[in-house]
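Working notes, structure below.
Each chain carries a letter (A, B, C and D) given by its place in the written order, and its residues are counted from 1.
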Amino acid sequence: MSFQNPVFIPGPTNMPEDIRKACDMPTIDHRSPLFGQILHPARAGVQKVLKSDYAEIFIFPSTGTGGWETAITNTLSHGDKVLIARNGMFSHKWIDMCQRHKLEVEIVEVPWGQGIPADRYGDILAADTNHEIRAVLATHNETATGVKSDIAAIRAVMDACDHPALLLVDGVSSIGSMDFRFDEWKVDVAVTGSQKGFMLPAGLAIVGFSPKAMGATKTARLPRTFFDVHDMAKGYDNNAYPYTPAVGLMNGLKLACDKLLAEGLDNVFARHHRIASGVRAAVDAWGLDLCAVDASVYSDSVSAIVTPGGFNASDIVTLAAEKYGVAFGTGLGEVAGKVFRIGHLGSLTDVMALSGIATAEMCMVDLGLDITLGSGVAAAQEYYRGNAVKSLREAA
Amino acid sequence: MSFQNPVFIPGPTNMPEDIRKACDMPTIDHRSPLFGQILHPARAGVQKVLKSDYAEIFIFPSTGTGGWETAITNTLSHGDKVLIARNGMFSHKWIDMCQRHKLEVEIVEVPWGQGIPADRYGDILAADTNHEIRAVLATHNETATGVKSDIAAIRAVMDACDHPALLLVDGVSSIGSMDFRFDEWKVDVAVTGSQKGFMLPAGLAIVGFSPKAMGATKTARLPRTFFDVHDMAKGYDNNAYPYTPAVGLMNGLKLACDKLLAEGLDNVFARHHRIASGVRAAVDAWGLDLCAVDASVYSDSVSAIVTPGGFNASDIVTLAAEKYGVAFGTGLGEVAGKVFRIGHLGSLTDVMALSGIATAEMCMVDLGLDITLGSGVAAAQEYYRGNAVKSLREAA
Amino acid sequence: MSFQNPVFIPGPTNMPEDIRKACDMPTIDHRSPLFGQILHPARAGVQKVLKSDYAEIFIFPSTGTGGWETAITNTLSHGDKVLIARNGMFSHKWIDMCQRHKLEVEIVEVPWGQGIPADRYGDILAADTNHEIRAVLATHNETATGVKSDIAAIRAVMDACDHPALLLVDGVSSIGSMDFRFDEWKVDVAVTGSQKGFMLPAGLAIVGFSPKAMGATKTARLPRTFFDVHDMAKGYDNNAYPYTPAVGLMNGLKLACDKLLAEGLDNVFARHHRIASGVRAAVDAWGLDLCAVDASVYSDSVSAIVTPGGFNASDIVTLAAEKYGVAFGTGLGEVAGKVFRIGHLGSLTDVMALSGIATAEMCMVDLGLDITLGSGVAAAQEYYRGNAVKSLREAA
Amino acid sequence: MSFQNPVFIPGPTNMPEDIRKACDMPTIDHRSPLFGQILHPARAGVQKVLKSDYAEIFIFPSTGTGGWETAITNTLSHGDKVLIARNGMFSHKWIDMCQRHKLEVEIVEVPWGQGIPADRYGDILAADTNHEIRAVLATHNETATGVKSDIAAIRAVMDACDHPALLLVDGVSSIGSMDFRFDEWKVDVAVTGSQKGFMLPAGLAIVGFSPKAMGATKTARLPRTFFDVHDMAKGYDNNAYPYTPAVGLMNGLKLACDKLLAEGLDNVFARHHRIASGVRAAVDAWGLDLCAVDASVYSDSVSAIVTPGGFNASDIVTLAAEKYGVAFGTGLGEVAGKVFRIGHLGSLTDVMALSGIATAEMCMVDLGLDITLGSGVAAAQEYYRGNAVKSLREAA
């Protein structure tokens, strides 16, 4: 395999050298005090990345999907009602999980490309005067469509009708890349993984629970063992773990948080916005549209780019891999074949982004699309040239 | 942290240089064909390590505990009856998991230090003429007590009464270190993790399902998503995964299998037996007993050593860590304070084992036990000197 | 430090993942047979990369400069006369070394940007009827100017007058990247380092001696110990070394040779030519000239690009590093400030090259040069699109 | 290859995890300011390890042998007279180098196993009233015999007769492991390498020059280019290097110095003394003698152990490697076959040392020597138990 080119999938992301080295750790005794020196700083770091003073952080050897399961099995019981919008493949999958766990799922169907309609959530919640809805689920950033949703707005409609439901947020492809405010938005459970904004290999589910969510765990009856947060909490109190932890990944997570916080979260988000803006400038120069319907929902971690009708967008992904050794994301579910995706989160520079844009450009021309070579690159270059302040800092 | 000395915990084990490097892998696109080049050989390798021609292998970003959950949630339903012996901390924990998942658990209580009594399993199964018992659970190697059980004997009593229950076996601390015969013993689900005989970091649950177990998944009603083997199998058919795989660990697993198979499984088991025998010779020279009641149940992957009454065995573990930088295992559950454990599985040499024995010896003398310095070492040296053929091969 | 972007200096080059891992090796006993398993394959590999059946290969913990010193101190004596052209910084430095070692140096001054004039060498050698010239020195690829010279032509003029001088060739920035024919050109000493075509860190001087050069060592009187090839040869005969070898680098060298030979040397050279051609297409699109005077001397490992009069080309290098985190090469010596250099040797892809071109473009526009953003990129893209066959193979 | 056991050769030593990672560095531009951030701290660190306020530190991509060549070629001229004792293989080799470089070498022959006789140096220097002796050479620690010499005493006899000769000291196997006082002893050139006390791979010659030695470089006429300290100094003034530096190794050196200084040099030396004392206790328990004649010359970095007459000590080394996968050092030169060596410098713990002692013991018994298994181990255990304070700190 060639590991020369960066990847442009929306996770796992490119890994910085030092984070890889922090993960590649010799064996330690996870029942010794050494482990506490990794566990606690990692948890404290995640809490800060969530902009929270009180979220209780749990880290499982798993993935974001396991994080979803942690969120629902620890807070809900058979037959509980949950409200969730389906606006992409990942919200769709979370819905499926809820149904398998015998929750009653009220689904708000949303055209893929749009964000979660806070107003429709508001209507449903206001109508739920018996408070049968126990949890409101929201996918902060739909990785499949490159669409972010407004969690603050969802919180606002919940508050407007004083609805007591829990707010469970999938922040898998936003946390560490885009602004996420656990406390301000009164999120009850936030879910993410190691392989996105934290720039680590896949292998950790990372979740934050509010005190209210912790309270809900006492009555939640969905069966759980591996993902039980009480077992986890009990372990943490003894610098330990209910089973064998993925120590290296947690050591990497500790460093990842240190790096994000040293850069400054707002600088991190601005950096993602800058890189993303360059990509969007290129898309615009190509005369193509994003799947995301308007700028208010543009994701700064991934762009799903719509190709002309009749063209199979996945061919770009295949050709990029085979001819140029570059990985993009295909369209998933409803938008399969209609979009290809450029992931631009995690450890990425303007220069790396330009190489991805240049590759996409070559592929589209190779496949007969009416694109001018260099056009997208030039638009992105122009943007990056004028907005390069942060890259200096990043290079330090 | 000092990473100079080997660890002697019963997992995670010491990692060979090449396996660490295989795990420390740059990001690839897990939806590209590259992933299949890791996934399929890793699965095929595990199948061979299980000595199976037909086990369907599933690999989850999780741990052995997640493997247990995979085993039961994919094959059983609420209220199903299972038979299991409790003879140590890990069988105890699996029992607890079954109970949380609302299985009806028939527990055979066994003194810690003994193996699973196949005859009592036989009596219970023979009496279960209605075949209410849907699964027989067995911990092949009790990591807490250093006791192995006779799975072939359990299969024999099941066959003797033609009992159709599934046979689910926890091979976490045996597979890859001690003889395990999936097909011959007609195991239905075998469970292990990455951090023991496979010499990898923790982070993978590795399970094998028999065709009969796969059949049972169709009627099993316990809720599952993250650990669903059907989702996993569907992914595998497309060189893919239902969520983001831990690619580096799987790449390491592929290499670990290659290494074990190149050495020859029987040589691997003989090597573990040799190392373990040296440790046991030392224990004998010290005048101490193993927790394991007799040689028929001695584990070749971990030894739990009983210290004299009134002495806190955990002090040895603490002192070894603090004074000598060496990690042993403490006693767990019923044998807490009564035993300390020397893990001797995975990547270990005679010479490394001697350093562990020498350290234990120093600690015991430091703590006032009546032990002669060098006595255990000399006994182990004598054993290793006379049985060193395999170490030559290993060094190659 | 940010290690995200590739480097575009003409060495040390970007290192492939597997070569880095081969270099990062635990300590072995270099007096044990293990060392021979690294030493001999590494030497055999280098011999093949030199396209030689008989070159005796020596590997020193040093650099190309040490290789130059090895070449002259092992074959020459005080006052010996050598012929050499000065057409760039590296030939200039080799001249300086010869003078410090009290050789009599006949210098052919050549405008920087031109190759070595074989005809002038021919005239001088033909006039040297007493054969006072003991060695003809030639820099195959002038890294400072991006100019290759025609070694076969130099050999031809030597043969034309039956001149018995040794032919010592600096192949530091050509070997492993551009065609080099030790046997066919009857080279007597070839000199290179680890950090160019072999894609390793700096730290090895790698030299090949012909039988004729080995013969010359017997009468050569320049003092030498560290760089003595006889000590080295004597060590090699015993799988050993006259002092402590850089084992990890040699292990990396062994792998580097395996990789180059597996790809096929001619494919390696074609790949370098393709990458270089894309860069040259960009330079042409920018309306700029190379320092190299015409296509016959274009180097496939590095391009020195002339910027307009009055402009300080080094500003591009500084800005690229500070603003974009990308490393180019400055002009050296006579061409300082007049050129900047893009290294395109070693482990590089079309896509990586495009990111370098895009960066140079941004810097030139930032600094006020009349360059159209995207123009060079588009020219290179067009070239790479049409010549991409090899990149497929490379990605494998 | 098995990399499981530690090595017990007197260099290259076992490498700490973090130092290996510091060396395994991606390519940077060594002409950029980034390089200065490695170069200068590494040089400052070495200066402190030498306990010097004024030594000018030079770092070459080479080895200790290159350091010797640096020392003499930069300070001496053809025909200059030097005084040196031969008491082992490494002093012998330095003598050979001096002779090849046409120095006039006055050799004090000393039985191998003894230190340098300062009194005889004193007599010779006192008699050299014309000050024809330009340099006094001394091997601080004879790696071949495990013998340290008293540099302060040599300085004292030089001062006693006001002899102006330079004092050139080979500290290859002492610096970073045993007390070395550049300023206090008025050393003029100190020579070492990366692979001993600095715990790095081989590949760097590290030398310190006093102002007096720097002065001598102006008149020294031995030819030199690669090892020229003026070129090196000129480079350093510009954060640069006269050729391509071994950046990764220098980055490792920077960390190695940081670690040694953080531990405290005197603690480092005490740690080496403790480990060595345990080994010596074992030798005593075996009833064997060291090559070093008495405790005043015992080396804390390597022990050469004399085996009984008629026994080939090298068989121990061969058997240890083949049967147990452990590397010891053979006897060299005059003591070949008579001694085997246990290296105990660099990154080593009591526990690792015990594994080496246990292995030597097994080999000696295997080969029929009259040694009691466990006897040496027990003696070392007893010593380490009672002197373990520092290992606590080290493990931190």
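Please note the rule applied: a contact is a pair of C-beta atoms (placed from the backbone, for glycine too) under 8 Å apart; a residue touches a chain by one contact, two chains touch by 3 or more.
Computed from a predicted structure; not experimentally measured.
Of all chains, the one whose mean C-alpha position sits at the greatest distance from that of subunit B is C. In the contact between subunit C and subunit D, the residue numbers used by both copies make up over half of all numbers at that interface. Set side by side, the interfaces B-D and B-C show unequal numbers of C-beta pairs in contact, with more at B-D. Note: centroid distance subunit C to subunit D, computed from Cα atoms, is 34 Å. Distance between subunit B and subunit D, defined via averaged C-alpha coordinates, is recorded as 46 Å. Taking each chain's centre as the mean of its C-alpha atoms, subunit B lies 53 Å from subunit C. In subunit C, the residues touching two or more other chains are 1, 3, 14, 17, 26, 321.
Subunit D meets subunit A in the complex at residues 17, 21, 24, 26. Those residues of subunit D that touch subunit C in the shared complex are 1, 3, 7, 9, 11-15, 20, 23-34, 37, 61-66, 68-69, 96-97, 100-102, 193, 195, 201-203, 222-228, 242-249, 321, 327, 329-330. The touching residues of subunit D, when paired with subunit B in their complex, are 1-6, 14, 16-17, 321-326, 347-352, 354-355, 358-359, 361-362, 365-366, 372-375, 377-378, 381-382, 384-385, 388, 391-392, 394-396.
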